[in-house]
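My questions all concern the structure below.
Per-chain residue numbering starts at 1, and chain names A, B, C and D are given in the order in which the chains are listed.
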Amino acid sequence: MRSPLSAPIARDAAIALVIVAVLLAMPLVAPKGLVFVVGTLALHIVFGLSWNLMFGQTGLVSFGHASFFAIGGYFYALVARSFPDLHPLLGFAGAGAFGVVLAIVIGLIALRRSLGVYFAILTLALSQIVYLFLSSFTPLGREDGFTGIRRPVLDMGLFEIDLARGDNYYLFIVLFSTLLCAVVWWVRHSQTGRALRAIQQDPERAAFLGINVAGNRLLAFAIASGVTAVAGALYGPWLQLLTPDVAHWTLSARPILYSLLGGVSSFWGPVVGAAGFAILEYGTRTLHGFSEIIIGSILLAVVLLFPGGILGGLDALRRRSAAPARTAKETVR
Amino acid sequence: MTFDINRRELVKALGAFGGAAAIGSLAAPSRAQGGSIRLGLIAPLSGSQEIVGRYQLAGATIAVNQINQAGGILGRQVELVTRDDKANPAAGVAASKDLAGSGVNLMFGILSSGVALAVAPTLADDKSVLVVSAAAANELTHEQYTRNVFRSADHAYARQRALAKLVLTDFPDTLNWTAINPQTAIGASNWDSFVDGIAQYSQEAGKPAEITEALWSKFGATDYKNEISQLMRSKSEGLYCGVYGGDAVTMFGQAAAYGLTKKFKVIVDPGSEFIIANAMGKNTPPGLWSGFHWYHGAYEGHKINDDLYNAYVKETNDPHPAGYVGETHTSVLAYASAIQKAGSTETDAVIAALEDLEFDSCKGMRKIRKEDHQAICDLNFVQFGPDEGSDKGWKVTGHRIIKDEGVSEAPTPGVPIVFKNKKA
Amino acid sequence: MSGAGTPTVPLLEARRVVKDYPSVKVLKDVDLSVAEGDTLAVIGPNGAGKTTLFKVLSGEVFADSGSVLFRGADVTRMPEWKRVRAGFGRSFQVARVFKDLSAAANVLVAVEAAFRNMPPGPRKLLACDPARAALERVDEALDEVGLSARSRVEAKLLSHGDKKRLELAMSLVLRPTILLLDEPTAGMSPADRKSSVDLIAAVKTRHGMTVVLTEHDMGVVFDLASHVAVLHHGEMIATGSPAEVRENPLVRKIYLGSGAGHA
Amino acid sequence: MVDYVLSPLFNGLFMAMVVFLFTTGLTLIFGILRVLNFAHGGFFMIGAYVAFSVVRLVGGETSMLAYLAISTVAGIVVGLLGLVVERIIFRPLQKVDEAYSLIATYALLLITEGAVKAVWGVSFHSVATPDLLGGAVFAGDLFMPTYAIFIILVGFASYALLEWVLQHTDTGKLMKSVASDPWMAGMLGVNVPRFYTFIVVLGFFLAGIAGGLLLPNQTLSPNLASTFVIQAFGALVVGGMGNIRGTFLAAIMLCVIDSFGSLLFSEVPGLFFYIAMTAALLLRPQGLIAGARL
């Protein structure tokens, strides 16, 4: 007998399986342009999920999440260029580790002194520094970006996989992103995740249960940053180029949009949000000059009609259609 | 107030191009239609460079219409498919993949060098060809050379060295130069090429020039006062204003109070074309030489030039087509000649046909080199000045064609360009 | 002051604690001592500094000078969560629970915080399910405070009294050595108040805890407390058994008005 | 001395007043409604475009009076847009979680960019400074464009005016009381929703007039919307979350530091703004002027 406190692993695994199967089959049926968009989407989903681990789960608002995406990307590109013999998986892991270390350093200073909007604006300022650094540091290509990032060959001991060939890198991105999403899912539903949720609800109360609030916030920040850094590292070889734009604040706004659009209180919120956004962008790609107005209007409509995001809105609809009498009774009890 | 009407009409007319293309692309089925040849334009049709994208779209549309009216290529009609790159590398790659996925293997356009450099390495996988119509980065035909990329337009090295040749001819005594440049690779590449030209041609003339260290500003900066103050203290007589487009407008606007344009004897600009004059009107810096992709006034009497110009003016009522109009037009003509020559639209056949292709264009004959896929063509320059009498407030005070006779480097695909004369 | 004649160190002690806020001096050299097994009630009029003393004892704020000792060890600058791990438990004047979580999930957070790293076993680790032992403790605690039937209800939907019970359950699973209760019956109806007093007395006996509470209701104080400390304008003016404090002339003067003198 | 002290100080002060003029409306709306309006830059831009159109309409008139009148017209037009925006967007947002106002105003930013393109096209434009402000003043070696002096004076005057309104008028007292406790103000008979409308219109009016006043300083293009928004957020938060005095001081501090920093470390212009911002947030997380509302 499963406790209602258990994580919904069967349901979520089934949903994930369907999504991954569809994504893996994409190259067989979809045109290349769409496959490229979907590969990018997979990384953006990781980006959104990791941000929401901070916001929806822990209550930390970061306005500078893109800087970790960029840091991971540039770190991997630089390592791959400097040490061409290094195993690419080590490069990706290194990018993640670098993101974690940097997040811990920043978090130790920033999280202690400031929270809420201050933390948000502080991360924004730091990400602007990263952006300016990337756009003026010559070895990283300045405004024009880091060019010629190769898709590596994966040496698996017994055999080799050339990720540069065909759709291999796409498949690699989908599988790796799934793994990163699973990490976020696991953190979110683990004992640590429950503690984070408690902190998000009432940090002071959580502290009086013996929860190390500062430590857990730092942990969430570090995990989210590390996961995003790996996503950034995967993005470099996907585009075969990185420009400082990946650290720009407009990219930092993306995971916020994804999470709020999809719904912050559900694990799947950022997934739905990112997918919705990608559909909007893809759908309006040929409507030159009108895309801003269309995307802006749809976003606005969703916020005004479904506060709580798409999933939150669906949830509310479902509850409303369920027998109202029962809801009332439960409230009374 | 003819000027106002013109501007409004221009915007409206260019908008009409956009709308038509949008509907065209939407209606286009995802598989190649039997018969028609589909060419894919990748241009910044939204975002910060949308103005240029619309010029590119206009040039491409006119070329396609002209070809179709003349019976098409190989008896087949040409269809234009457009994709927006937002002047953003990721969007550019997505656009080229999208085109390849819809069965369009022949692409052209691209304004931003960053986009071109991002798209180039992905083309071989997709079995596509790209003819670059604007992006000028030298790398594209050097260290980032790939077999699938051609450039039918001029490149930074040739244009800036030609500009150096021009100023040394017209102002042989202006030998001390400085610059304000954006911190971009193209900014650095332009300046290095210009210095290379100044050094070589001034030495050949027996009066070696002197180069003062350039100032570097942030791309998209909003305040140039600190830089302008520094320029005002400079000892140089010639100013190379490497900041371009909207940044140049901001810079000259803020510099007006300082009298910057009076301080320097000669001011040159790598390629803002009409942008500075159009935006600044009466405050256009007098005597400003600007690099052009194509200046219609320099080729009056040449049929392709006149037909293109007339078609453009007829559509838009705008008498000042930017060079981008001519360059995308040229790329379509390059494809037309190559497909004619190859008798096929298959990627490998078209690549083979483009190599060593000689064809006529709005600025005369061009030749695409086999080795590095760079076109050798004329370099155009226009001189501007204020015109109190006219509504628009500025006029063209001169124009020049520099023939590419030893201006371009020898082809060295795969190897970075060498600035032999960097040290003055 | 402390447990009669026992030579042991007091469980919790405050020595010459001073706490200032920008405009007012809230605590002036406050001394306090609680022996193991005692139930100490801190009383005093509004604004006497009870809540601030409570915050200093629990670690929510740190004293400006003076010290707080727990089992003789200095904990003056120990953050609250470490004190909790050392054996402190506390409740809030207005019950604070995690409003979007169910009652059971609220208690589970406390259980997992108290018994850190309760690995659910390798097979279930991947599924992130809570450990069986943790779930059992949750059920136990909810049962103890009488909330079993409402375990799945979101905390924000619980009644005021139930929230207080839930908070008590969360404190109990921490197995605190010393439980700090800030106005445990504030805002309750007389009937609720009675059942709360009974509940506190029962859990204290069952778990052998030491309790420090602040309270307005004198009935509650005399029902529960073995010792009483009186705070007035930030100064500790009397301590002792309820009977001693009741007879203290200073206390009578302050509470019953000047000039009342000895009764 | 001039090169390394006075000139960057002057330029920094000028930039500070540009940022401050941009930020006043943002601060007002954030201080009272607690809505962080991402789209503020979009309406600033619309103000600039409206002013540009009026300039063209009157045939490139560059007299001082026309410049001020045109800026006011831009303010009024944008203020009226504010009325519409308040009704259909900000008012419903009051019932929704604060975080959602971010996404809504971001959407609004996109819409303003799209709308500007549809109405005015995508070309670059620029407008000359009025003739009276076209010159420059020399103080020894220090070179000061008249326009920059004018903007600095306007910045200080706007600050003084806003401060006076807030501290010494009934409207100002009302603003402060609604800002600190809207519920209580409602209890005391203030029509809070109508007051919010008034504040949004005023905030948008300030955005529009700033767009008009700063038009000669910038190239006009649809990118103008997001040009100052990050600096503005910096000044707003470093100043202490929505009070005018703090925003004013923060803008001066950040921009002057940046001006000196850019001189010393010219490889990365603009870097010191964010370094100063980070340091200020870490050293004074409560803001320069803590606790004050407006």
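Rule of thumb we're sticking to: a residue touches a chain if its C-beta (ideal position, glycine included) is under 8 Å from a C-beta of that chain, and two chains touch if they have at least 3 such contacts.
As the structure is a computational prediction, the values presented were derived from the model and not from experiment.
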item	value
Longest centre-to-centre distance from subunit A, chain (CA-based)	C
Distance between chain centroids, defined by C-alpha means - subunit B, subunit D (Å)	36
Interchain centroid distance [CA atoms averaged], subunit A/subunit B, Å	38
Whole-Å gap separating subunit B and subunit C, where each centre is the average of the chain's CA atoms	76
Per-residue overlap in subunit D, given as positions that touch at least 2 other chains	117, 267, 270
Multi-chain contact residues (two or more partners), subunit A	132, 136, 289-292
Interchain contacts (touch definition) - all pairs	A-B, A-C, A-D, B-D
Contact set on subunit B toward subunit D in their complex	1, 4, 7, 10-11, 14-15, 48, 50-51, 54, 215-218, 220-223, 225-226, 229, 232-233, 245-247, 249-250, 253-254, 256-259, 275, 278-283, 393
Of all residues in subunit C, those that touch subunit A in their complex	58, 60, 79-82, 84-85, 89-90, 92, 96-102, 104-105, 108-110, 112-114, 117-118, 126-130, 135, 138, 149-150, 152-153, 157, 170, 174
Interface residues, subunit A side, partner subunit D - complex	55, 61, 109-110, 113-114, 117-118, 121-122, 124-126, 128-129, 132-133, 136, 249-250, 253, 256-257, 260-261, 264, 289-300, 303-304, 307-308
Interfacial residue positions of subunit A with respect to subunit C in the complex	2-7, 9, 186, 189-191, 193-195, 197-198, 201-202, 204-213, 265, 330-331, 333
Footprint of subunit B on subunit A - complex, ascending	30-37, 40, 132, 135-136, 141-145, 147-148, 166, 239-241, 243, 245, 285-292
